[in-house]
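Each of the next two complexes has subunit A plus one more chain, namely subunit B in the first and subunit C in the second.
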Partner chain A sequence: MKTVSARQLCFFLAFIAPVGKLILMPSQIVFDAKQDLLFSAALSYLLQSVIVFLVLLAAKKDKTLFALLRERLGTVGARVALSLLALFLFLAALLPMLEQKLLVQSVFYDTLPSILAFAPFFLFSAYLCFHPIAHLGRMWDILMPFSAVGFAGLIALSAGAADFGALLPVGASGMGAIARGTLHSLSWFFDSALLLPLLGRIEQTKRLPLKGTLCYLAGGGAVLLVLAVFYGVFSDIALRQLFAFSRISKYFPGVAVLGRIDYFFIFALTLVMAFYCAMPLHAGVECLKQAFGDTPVRAGGYTLAVNGVMFTLSVLLNYHFLRTQTFMTHTAAWIFPLFPALLVFVLLIGRKHEKA
Partner chain B sequence: MNITGKRDQDAGAIKEILPAEDILTFDFRAAGGMDFTIVFTDPITDKELLGVLVVRPLLHYEGAATVEAVKERLTSPEVRTERDLDKLAEEVLAGNPVLLFDGADEGIIVGTKKIFFRAIAEPSTDVAVKGPREGFIEDVKINTSLVRRRLKSPELKIEFLKVGRRSATFVAMCYLEGTTPSATVEEVRSRLERIDIDVIPDSSYLTHFLVHKPYSLIKQIGTTEKPDIFCAKIAEGKLGLIVDGSPIALTLPYLAVEDLQSSEDYFVPQARASLTRILRLLAMVTAIYLPAFYIAAQLFKLQLFPIKLLLTISGSIQNIPLSPSLEMLLVLFVLEILNEASIRMPKYVGMALSVVGALVLGETAVNAGFVSTPAIIIIAFSGIGLYAVPNLIEVTSVLRLIMLLVAGSVGTYGIILVTAVLLYLLVTTENYGVPVLAPFSPLRRRDLKDSLIKFNLTALDRRPKTLKSPNKRRLS
Partner chain C sequence: MKKHDRLHRLSVKLWLFLAAFLVFAFFSNDFGLVDIQKTAVILAAGIDKGEDGYTLTAHIAVPKGSDRSKGGTSSVNIKGRGDTISACISDIYADTGWVPKLVFCDLLLLGEEAVQENSFLVLDYFLRNEQMPDSCQIAVCEGSAEEMLSSASAIDDTSALAIEKLLSDAAEKTGQLTRTTLREFSIGYYGVSESGKMPYLGSKTQSGAESAQGGAQAQDASGGAQSGDEKIYEVRGSALFSQGRMVALLSPDETFAYSLLQGEVRSGTFLAHENGEAVTLYVYKNKGSVSLSLGDVPEAALEVVLRVRVADRDGATDVSDLTSSIPSDALLQDATAVITQAISSLWARIGESECDLFQLRQQLFRHHRGEYELWRERLLSVARPNISVTIRPVE
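Let's look at the complex of A and B:
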């Protein structure tokens, strides 16, 4: 119960992490890279997989993040670094949270519901945040089939309607467009940072960094498949299809007779997504627990404060989503690969602190 | 306080400890002139047996007035001695008479307890078409004999413990030495010894003291009424508890998947067994979620219905005065009342009640326009689905209500979030070091062979890894 096994970690990287890239990221990449969206997404995945590899290398030291940082930066430095990581994770949580809110409002309701319809998510998130992060390992075991069935079901229902010829000619958008697509999708790639608070709790097995990275890339393969089907189904109008995974299967012929059976797969993925969206908050709270103590009172305090602030932000930013998205995907995009990379470099090659 | 050796005084002392009207004494004189007194509890002592095994042999007794000599004369196979008057009084209360005579430094306890029990019959909650039909009854001795008959192994240990200050209920702890982890045996024994309650009327009372999360909704202890299932679980490496006065035996550690299994699964081809298990799971999931999704779809997302079904539903609900969630809650409420009433009522009335409930009430309510036909169909289907997994009804019926309330207020997203919390609760619940949701979480590939999919018996060569049994091989 105290550790995350190598298998559970691989399940997270291959099955859970990809679901966070299915809501608005596809249409965002299409906006920049058009039919070359696969290249942009693949580049983002490759970049993030390098950092995932480095984090898993750091995990081999089998010490908690706080212990590792204290060795390099001293106690005060470690606390500052963990606080910064927590802030980074809360920032990273913002876009997935807001896009999930939009998804819920548009896909789960016929008419626009109240702003508060998404509020129960924060109760769920608070419930998770209060519990130790290592419990998530078992959750990934049980979420794996939901994710696998969700992905497989949606692809099966939509592949028939896709014209993969729409992805041709390859490279027609140009390198600049592909690079812009990559840059603007970086804010969805912070999975390496989610692993950092788990350091010291990951069961070490032979060649785990390599296996973990390959699993992450396999998950990336599934996302690329969804992106290919997405562009194959919608082609040029794909950039207007905001909730990609909930739209791609609506042209399945059986829908007319059986109703929206694809919703069962959408529900399965939304269940996984709920955990994925809560995870940055959970990881952030874990950083605070490691830095400043994890007594039940403190853990409760961090949990309430973090979820309270995020709930307030979700209400305040209700009419400013586009501005928020632009800020995250354009202005602040560089932070997402840079900050975890910097932190992991400190862990791997930083000098030992004098008092360590 | 110890026995004095003075017959009248000792009998009086026991009567003083037990000042009840059903505690009687019987005095008689042997041929040799020696006087005896028997102290016994009237309704629970077999007086005929007492006469044959104790009084008749002693009537002609002319030997020495020593405990050993008198003991030899008795023809009862169960004879013990005790010095302490309090302990002698306990035995009298348990139905075992105490024989006293002048000069005896110990009281003689004779095992002539009268045992009332019903015949061994097939339990109504766990009927099997194929396989053994015996079920536990309320007597712990008979129940342990049913277990012993199936496990004729010296490794089968049956430890008797007394629980309950006033009821002094016998609890038989059954396990296979070397197969059940000793840590589990130690912890259960220690938990049972620590129980300080006055009365244990049924095995369900014990569960509150044996689980690690007593307030959780999640079931944490297995139950069965069938000795064959009980023995199979013990042979897997679990520990069983049989409580005197209860036909329901407990097994632990509990795995959620065991309630999807039935004893019959092991007597039919594995394909059929696997199909039935999947069907049970689907029935349970449908029972919990169908009413909730119906409400959520009606209130928030009509697209979930196929168009023709939507037209049928809209036709049915047109003149219903209640909101969809209130309508569903009303039908569920009626179903639960009918269910409760039909279980408690005498059989004949129960049958009439079913007719009144199902036909008259349902039909009339639809005709009068109080409720719609789809609502009744959905609740009926959900009710049937719930009984596909009878051991989990206490949990699933509550979950169905929670889902219904959430669906009526938040819609499908609420159902998803409650499911997420439920999954989290399930994966984090463990008892005696064994996760309830194993072998699915944590994933144990080898143990999956007897989970939802059942492999051939020869493939189940090892005991479940999850149970951490020191004896790993089942089939050599």
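Let's look at the complex of A and C:
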């Protein structure tokens, strides 16, 4: 069976996972935590990194998610749990997908483009979903340089325009505001859930859980750096700046002479984001494949159904983005750390089912 | 095996095709195609407030046709009226059928009336507009913005281009103006200081001027070429804002003092005297800072360090005098007194107007959080200035 190597997994955790946090999450956190946004984001990262560590511990058992769940919950229970995980992943995909759609329409088009400008994403996503999930490893290999160059370029162009004094005074927003910032950012943290369908397909090396978690925290460090620059550039108007990463670099003095050279880096990160947005759908389809069979016909059926539904939702929610965002970041936020944590606890400490 | 290889190659081709299609759809920007016949490319916008709402004068670039004998830029001014800025934009669309496009707008000019109350009633629309670059320059003008934008420039194709040159980066280094972008003004407005500044512009008639370079082509909304005298635009100081309202006007000397305190002057000049003779000093290097410290009462340390040389004297010097550009101690003393006086005058103006130009409240908030509430309201009225001016010659 094709597996994801430890190197590829670390690339995902350090370079691919962070890009999903760069569009609307910064302004969402600023809304609550203001200049203490780094604390809110760091708490979210720490919470998620604990779950990532536990998932990688579970991966040491070297069994698929379905096999592990069947041992604990029986066949029916495992199918129910996998179906719930698939639903969770489809829910998790919604906000990144809609924010990416807004990003493309607002940043890359001078006028409002037709809805078809984003439609190819679903063709792309469907193609990805149809393939076995272990193919992600090769994809992460290819995406890593795009992400690394994108991050480095954006920081290099924007750090000079940032007033890092804007992050002072430390802690002035209060613990309540920092906690709210953390809570309302949780819907962007579902990376541990993306790893769950990969169980049994991850190449095991020495201390992989620790190395993987450290890579995830390193990626978090890069996100915190972008957040610091973002608040340094926009200060008290940061909460109005949607699409944070695409805005911070345009004040580089060279832009006035050379034009928007920062678009090279923005394009690179947006490309990585497109793959990242499709990953929850891919992982969700993999859950369905494990639970209900993965014949080509069934795999094609899940793929078409999932992407068809998501495309329909993207059209239907076109004029309800704020309501959707509020639902995801306020009402449903608690689900994002809780559900994967619950599942991984079942895998690690759940008692074996009698019929297993 | 062969079938498997063929399928694999097909899979890779399909993958590449889809990835290319995605990139094409995301980044093509519809190839940037703009139907120029239906689009108003706004280069600058002037906003005035009257009793019947707002008037927005859009300075729009128009194609000059195929006559290559005339270079330069053509423009037309279109006015839109309404109770909100958005309504003004819609009015332009309704009147002309042109879709106003703000993505190239580099200048927002506010008329005097528009800044008598909260100017953010006007600027808020532009800050929220996704297409509007928040790096655009903003300025206040004497009289109405409509009049200024509609006037014919004596030195450039259009008034907007002439004003933008006036607000250039190079001009700022002379210390005679302080540029402000929409982003910077907004940060000041929404920050704890609730203060900001903009260049204050005026114009004067240039008598006997020939037509502008490249053939000025500014037209009014009726399509006729503008008539009347051609204008030269000038910066007449800096408008100070508190809570979005214009509260004071800095003189050119006070503006220069402010620029020195910001450490932004690289090639500016100022006047001092030596033995009753006027001498122009050229600033080679400038460092400046304003820092707040709290003792019994807050104290603001205003510090300027300059390197200068003599640029010109009101009198001829001997051709063999190779040291005439080195300022004497007496001249440096007078120059120090001139700058100190300008800073004192600037400080007094800030105290009177309650405009936190130096962002002292922000410093108080960031570095003295515990005493922020105690001093916040009366900081500008009770803070003592400690002015330090050091001028050294370039030898």
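Methods note: the second predicted complex is superposed on the first by the 355 of 356 C-alpha atoms of A that agree within 3 Å, B and C clash if a C-alpha of one lies under 4 Å from a C-alpha of the other, contacts with A are read in each partner's own complex, and residues count from 1 in each chain.
Everything that follows uses one rule, which is that a contact is a pair of C-beta atoms (placed from the backbone, for glycine too) under 8 Å apart; a residue touches a chain by one contact, two chains touch by 3 or more.
Just so it is clear, the model here is predicted, and its values are computed rather than measured.
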Fit-or-clash call for subunit B and subunit C when the two complexes are aligned on subunit A: clash
First, second, both or neither for A:66, with subunit B first and subunit C second: neither
Which superposed partner A:5 touches (first subunit B, second subunit C, both, neither): first
Partner chain(s) touched by A:169 [first = subunit B, second = subunit C, both, neither]: second
Which of subunit B and subunit C A:234 touches, first, second, both or neither: second
Contacts of A:257 with subunit B and subunit C, given as first, second, both or neither: first
First (subunit B), second (subunit C), both or neither touched by A:271: both
Partner chain in contact with A:124 - subunit B first, subunit C second, else both or neither: both
Which superposed partner A:109 touches (first subunit B, second subunit C, both, neither): both
Partner chain(s) touched by A:141 [first = subunit B, second = subunit C, both, neither]: first
Clash with subunit C, by subunit B stretch, listed 166-174, 202-210 or 418-426: 418-426
Footprint overlap on subunit A, comparing subunit B with subunit C: 104, 108-110, 113, 117-118, 120-121, 123-124, 127, 267, 270-271, 274
Of all residues in subunit C, those that touch subunit A in their complex: 14-15, 18-19, 21-27, 29-30, 32, 34, 99, 101, 103, 127-128, 130-131, 133, 135, 183, 186-187, 190-192, 365-367, 369
Subunit A residues within the subunit B interface of the complex: 1, 5, 7-8, 104, 108-110, 113, 117-118, 120-121, 123-124, 127-128, 131, 135, 137-139, 141-143, 256-260, 263, 267, 270-271, 274-275
Footprint of subunit A on subunit B - complex, ascending: 300-307, 309, 410-414, 416-417, 419-421, 423-424, 426-428, 430, 435, 437, 440-443
Interfacial residue positions of subunit A with respect to subunit C in the complex: 104, 106, 108-111, 113, 116-121, 123-124, 127, 165, 168-169, 172, 234-237, 240, 250-251, 267, 270-271, 274
